[in-house]
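Chain naming follows the written order as A, B, C and D, and within any one chain the residues start at number 1.
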Amino acid sequence: MKVLYFSWLRDRVGVAEEAVQPPGDVTTVAELMTWLTQQSDGHAEAFKDPAIVRCAINQDYAKADAPISAGDEVAFFPPVTGG
Amino acid sequence: MIKVQTDDFDVGAELAALSRGRTEVGAVASFIGLVRDVAGPGELSAMTLEHYPGMTERQLAQLEAEALARWPLDKVLIIHRHGRLLPGDQIVLCAATSSHREAAFEACAFLMDWLKTRAPFWKLEEVGGESNWVAARQGDDDAAARWKTDK
Amino acid sequence: MIKVQTDDFDVGAELAALSRGRTEVGAVASFIGLVRDVAGPGELSAMTLEHYPGMTERQLAQLEAEALARWPLDKVLIIHRHGRLLPGDQIVLCAATSSHREAAFEACAFLMDWLKTRAPFWKLEEVGGESNWVAARQGDDDAAARWKTDK
Amino acid sequence: MKVLYFSWLRDRVGVAEEAVQPPGDVTTVAELMTWLTQQSDGHAEAFKDPAIVRCAINQDYAKADAPISAGDEVAFFPPVTGG
């Protein structure tokens, strides 16, 4: 599974992209966030307030209970500020 | 038409291209967003727009399709820049053409409201030697929300 | 700024001039009206816009002042052509600049709605060798009326 | 008093502008329209449906009961169709 980070989530995690292999009981976006939080202090800092983190699976917005699969591109980022 | 680019754009040429040869179209509504020199904590010296390549184009294309489905439009144009920009620089151009001016106006406002809340861009402001990520505005969510029930 | 003229105008140059050096302005909403080739009775070959010199400028200046009073705008631009025009030709350009995009959009729509019902212009359409004065649209009155009660 | 005609009102009256001297009991826009109607067949044709004729006095819109003065510029025209 490829995980991408943008904006201050990337700054906190320290990388823009990483390949992860969460255990089999990590099946939703929310579970992935919880699991990622345990990977490093940077991850913990990035996800410490999950309510303000947005997620996209394969470039479409996804909610916390959306299912994830091994081949997905999962992105985490703050609320967007374009335009 | 969707364009995501670092280069600046020529508003006159872009709008003219949109209606060229389309003499049944009488209305061209457009919006240009510019970098303001006013940031939360002080005077802004520059702004860097980060985006999510691929997802940006995908979201903007969905936005274009949704506008074309909701209003009797001829064409839709969205150009959004990324990279480092200075105060006064052009960030975004949205336009909608129609034979009905109300449709052109509404669709153009819709495009901007949704773009602000859905297109994956993030602004990093440079103010007094410091760089800060811009927080999302609640007002933008409210503006986008009105299109969920209204036509 | 108000311009009533027979000459064509350069949309890109006009809009750029409106925000040049105004780096506190982030939003430029605009509308371009074009001559359509669709007339009531058939295909339009040309259109002549008559106007009331003096009164036109006076009414458009009042319209500009009203928009500036109602919304937090930086500038307003109205350019309206008169004389003989062909399908696809530009007739009118309205624009409003602001630090708030909602204000720019609303003011621009307001300008067009009121211009349609208050600026003394009359369209003479040439269709199949005949010339006919265009009748006013009830829809335009309705569109203008909404600004009387709404903000 | 200077009277101007635009669009199809001018076509029917036959002139774009004329100087008129209505009698002293013609004091409002409505009375001026009635008086003008009697000046020629063209005038009568132009004003045969007064409800669709618009008026401006000195380049501001005026209603049928607005007062008129000898020095005024009074214009008659159909509902506008610009933009």
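Annotations
Quick note on the criterion: contacts are C-beta pairs under 8 Å (C-beta built on N, C-alpha and C of every residue); 3 or more make two chains touch, one makes a residue touch a chain.
Note that this is a predicted model, so its numbers are computed, not measured.
The minimum number of touch steps separating chain A from chain C is 2.
Separating the centre of chain B from that of chain C, both taken as means of CA atoms, is a distance of 23 Å.
Rounded to whole angstrom units, the spacing between the C-alpha centres of chain A and chain B is 26.
Here the spacing of chain B and chain D, counted between their Cα centres, is 49 Å. Between the Cα centres of chain A and chain D there is a gap of 73 Å.
Counting only residues that touch two or more partner chains, chain A has none.
Shared interface positions of chain C, i.e. residues touching 2 or more other chains, are given as 33, 112. Remark: the chains found to touch one another pair up as A-B, B-C, C-D. Interface of chain A with chain B (complex): residues 4, 6-8, 56, 59-61, 75, 77-83.
Listed in rising order, the residues of chain B touching chain A in the complex are 33, 49-52, 54-55, 58-59, 80, 91-92, 112, 115-124, 133-137, 140.
Note for the complex: chain B touches chain C at residues 10-13, 15-16, 19-38, 87-88, 99, 101-102, 104-105, 108-109, 112, 143.
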